[in-house]
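Dropping the structures in below, format is structure tokens.
What follows is chain A paired twice: with chain B in the first complex and chain C in the second.
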Partner chain A sequence: MSTVTWITARGLFGRRRFLLLLPLPLLMVLLSVICRAFGVDPGEWGPAVLVGLGLAVVLPVVALIVGTGVLGAEIDDGTVVHILTKPLPRWQIVLPKLGVAAGVTAATVAVPLYVGGVLADSVRLGLALAAAAAVGALAYSALFLALSLVTRRPVLLGLVYVLIWEGLLGNFVSGTKVLSIQQYVIALADRLAPTELLSTTVSVPVATVMTALIAVGFTVLAVDRLRSFSVAGETS
Partner chain B sequence: MTATSTDPTPAAVRATTSTLDLAGVSRWYGNVVAVNDVSMSLGAGVTGLLGPNGAGKTTLLHMMAGFLAPSRGAVTLDGQPTWRNPDVYRHLGLVSEREAVHTFLTAHEFVVASAKLHRLPDPEEAARRAIALVELEGAQERRIGTYSKGMRQRARVAAALVHDPQVLLLDEPFNGMDPRQRLHMMDLLHRLGGAGRTILFSSHILEEVEQVSGTVQVMVAGRLAASGDFRTIRRLMTNRPHVFAVRSTDDRALAVALMAESSVSGVELGRAGLTVRAGDYGAFTRALPKIALARGIRVQQLVPEDESLESVFSYLVEA
Partner chain C sequence: MPEPTGVIHDIGYQRYTGPRLGRRHVFGALYLHGLRTVFGLGRSAKAKIFPWLVLGIVTLVAAGVTAVRSQIGEVVMSYAQFADAMSWLVIFFVAVAAPELVSRDLQSGVLPLYFSRPLPRADYPLAKLLALGTALWLLLGGPQLVMFLGAAFTTKQGMRGVWNELLDLLPGLLYAGLWAVVFASIGLLVASLTGKRAFAAGGIVAVFLMTAPVVGTLSIMPSQTVNELAFLASPSTLVSGVGTWALGDLLEPADQGGGLPIGDFGPVYALAAVALVTTCVALLLLRYRKVAAR
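== the complex of A and B ==
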């Protein structure tokens, strides 16, 4: 494990903010278990819990908390200076942090999505949701990590993207779905385990290419912004 | 602790020294000019960057350390720009003013992590040496979150020194240190400077700079106000005219008497009392009670008017 990965992971799990990751996945597992236990038709609760809660809320919100935390928290408290005053090419700082963010997000959301998929349909759907969510975790993490370098309010901007762009506009303006990571994840999961529970207008090739573009593009942006990282002017 | 463990130049006494050059460096934020056309060249030894709060010291240090792009001019370390050039950190260490440390790590973990990030061949040994330099061995296995401010500062200094840099920049390093830690830090900087390192530390406290460095750069309002040997600058500061506000039972009579005193260069009679300009602080404050007593005047108030560092530094700009 690289030293940057080690410090990032220690920092992430050492902060209370990490506890914020737990309620949403637990809620999803709980709802899935209740629906299954009461024999509700998966056609009724599946889309709401798997997509409405799992892919539209749990995945992006967990990615937002972790993605803005791996570098943003260090920028906020100033500890980033310790890592930046080292003769490391900046990609060697960004990539390990992106790896931690995507890994932790994927691990956190894979379990509830797998459980939900299995209870609603099959093990295959569970695995498909977990795998697609892992890919989505990478794209979201790259986006939110870059946001923490281009703005001082990454969480706010991230929430606007998730709630307004993907959540609200995605329902009314179909064109916005082409720029929605959530839709890519649905398309990929549906391709891996075709089911009536998942539906999207975005094709698999578009989803694949766009996910790769977002992951690579925002990583390159983050590396470039970190290269020009300025410490905010202080009073003295 | 052994003598070798605190030696700032262990196996690697380098023949060459590094030079940090600033050529016509300015930095502005919108309409506000934080640093205005500063040029200086820093070589081996300890240099103090002195100036009141808000003078632009931190902005200047950040530009030196590659954390801020100059709006104009160039900052180079041995000819290499410090901005957007992580390679300079092979030879440069920074201890910033902001008390930011990974509080969840122990000092040992923190310094070893720094050594690893520098890709040093033996991180453990480098960390042991750096921790010994700042005398933090006893507490190195405790989490930094449990440290006092001075101890955190020392942990940060150890991390900045772990790769044995030729240039060390410290922003207000004595803040929050107790007198013993302060003396130790001063001694450490002395030794590092004596061993051929280029050390620059900022401070707004005259006495700190006086005790540590022979060379000073004085900044006032973003400009380099004075530069050079500390004793020369200190003399300029001591010999500047002092202004006192004086109130007495008979201001007019006291004004007449004071004009005959050689240490007084001017007296102004106002409604609120006298404003007295004195060339020699000590001579005037000794003479005033005698003069008043001889004339039966009671001095009700004697207040030095411009003893703030800002006014001292402003005087230097004009001098």
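== the complex of A and C ==
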């Protein structure tokens, strides 16, 4: 456990604003329990809660807040200089931060997804959803971490991706689904536990390869960007 | 204790003797500045990217809908349906605009400067709210105007057709105003809670997005009353519900689906919308009673 990991974790949990992450997962568990208690057919509420809320909203939004927060917050208030001036290779800064971001996101999202999956179908679906969400958390975190190094407005750019690319275009233009982490996660979960609840057009090999490519590619990009990072004051 | 020896010299600066503009002008200036901030006017190109991206997409969609309509001669999307279809973009626009309006001032600690002017406490948040509301209304109303112009110039019934189209447009603009009021009050309240623009944007999107699946879940419950009340749970469907009740056929003709299935609960939706906006504004004012102390 390196010092960077420790600092990053403390930076995330040390503030009260971490509590902002809790309502989303709680809402998901609550909805699943209510649906189960009233005996609604899982075929009807499963896609709405598990995919509509869990994979389409909770996972990307939590990953966005955490992923841009681990490095973006330090860049914003200028304390990133303290880490950059230490004799550390850049990958030793990026990897621990990515690990913390992915770990926190996975832990926050996998638990409610597991509960929802168990209530909807079976323990197997719950485990499959949790595992797929963990993989997705890694890919999303790598993407948003790199984004916070490429641009000064990582959250807004991330929202463009989540809202407009995955949310809006994904519904109308089916071709964009090939480049959507959300669809990869659905494909992986469906492969691990085949049910009627999850459906996607992306094939499993494509999803696996693309997820790995995104995770590795954006991590390399982040290391590279941090190598030539220039500390500038906020403009505009 | 020695006698104070300091003297204040009059070094001859000219004093201001003209009329002092009062509260109304401060409010007006704040409002205008807020409106310009939302669209990035008077600021660098970077600040214009996101607002104008959204504005561009919305206008493009309106132009496309108009073009298709003039080609095939059928109404593709009514004015109200257009507002509903753009809801994700409106959410994103609020997430861009609201933090710019209030979070920057919180972060840089300039609120004491504002409040040392002849500006009552409540005026600052209200001016910002009005600016955001106006911007949202322009965002939805502008493209509707594009659609109207397209329809008016291609109509085959002469002035009668233009007049009918205008009668369709006016409820649409009213409906856009409803969207603007509800979304502006919620968005500004969330943004005023934090000085970090990034967290404010994330928070706004989370608040709006997490409510949509609640509607989806409640509307498949095995109780018709719950189904008809389900649309209360999310701001965007709440607005649609109020629109269906208040404007009814004016908004969406029955042959095109005819709005949301809210049963006889129309007044409940109207009350809920009023209560929601009132609560948000009240909380916003409460927030700005103590905020400047940081």
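Convention: the second predicted complex is superposed on the first by the 232 of 236 C-alpha atoms of A that agree within 3 Å, B and C clash if a C-alpha of one lies under 4 Å from a C-alpha of the other, contacts with A are read in each partner's own complex, and residues count from 1 in each chain.
Everything that follows uses one rule, which is that a residue touches a chain if its C-beta (ideal position, glycine included) is under 8 Å from a C-beta of that chain, and two chains touch if they have at least 3 such contacts.
Being a predicted model, the structure only gives us computed values, none of them experimental.
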| request: Quick one: on chain A, after the overlay, do chain B and chain C clash, or do they fit? Just give me the call. | output: fit
| task | Figure out whether A:7 sits in contact with chain B (first) or chain C (second), or with both, or with neither. | result | first
| query | For A:78, is the partner it touches chain B (first), chain C (second), both, or none of the two (neither)? | reply | first
| request: Could you tell me the angle at the CA centre of chain A between the CA centres of chain B and chain C, given to the nearest 10 degrees? | output: 80
| query | By residue count, is chain A touched more by chain B or by chain C? | reply | C
| In the superposed arrangement, does A:48 touch chain B (first), chain C (second), both or neither? | second
| request: Tell me which partner A:24 touches in the superposition: chain B (first), chain C (second), both or neither. | output: second
| request: Check whether A:168 is in contact with chain B, with chain C, with both or with neither, and answer first, second, both or neither. | output: second
| message | For A:155 in the superposed arrangement: first (chain B), second (chain C), both or neither? | response | second
| message | Quick check on the superposed pair: does A:90 touch chain B, chain C, both, or neither? Answer first, second, both or neither. | response | first
| Between chain B and chain C, what minimal C-alpha to C-alpha distance in angstrom results from the superposition? | 8
| note | Overlap of the chain B and chain C interfaces on chain A comprises residues 235-236
| query | Which chain C residues qualify as touching chain A in the complex? | reply | 43-44, 46-47, 50, 53, 57, 88-89, 91-92, 95-96, 194, 196-199, 201-203, 205-206, 209-210, 212-214, 216-217, 220-222
| field | Residues of chain A defined as touching chain B within the complex | value | 3-4, 6-7, 10-11, 14, 77-79, 81-90, 227-231, 233-236
| said: Per the contact definition, I'd like the list of chain B residues that touch chain A in the complex. | reply: 29, 34, 53-55, 57-59, 62, 65, 67-69, 84, 86-90, 92-94, 96-98, 100-102, 104-105, 110, 113-114, 116-119, 159-160, 172, 202, 204
| message | Looking at the complex, which residues from chain A come into contact with chain C? | response | 17, 20, 23-24, 27, 31, 34-35, 38-40, 44-45, 48-49, 52-53, 57-58, 61, 64-65, 68-69, 72-73, 76, 152-156, 159-160, 162-164, 167-168, 235-236
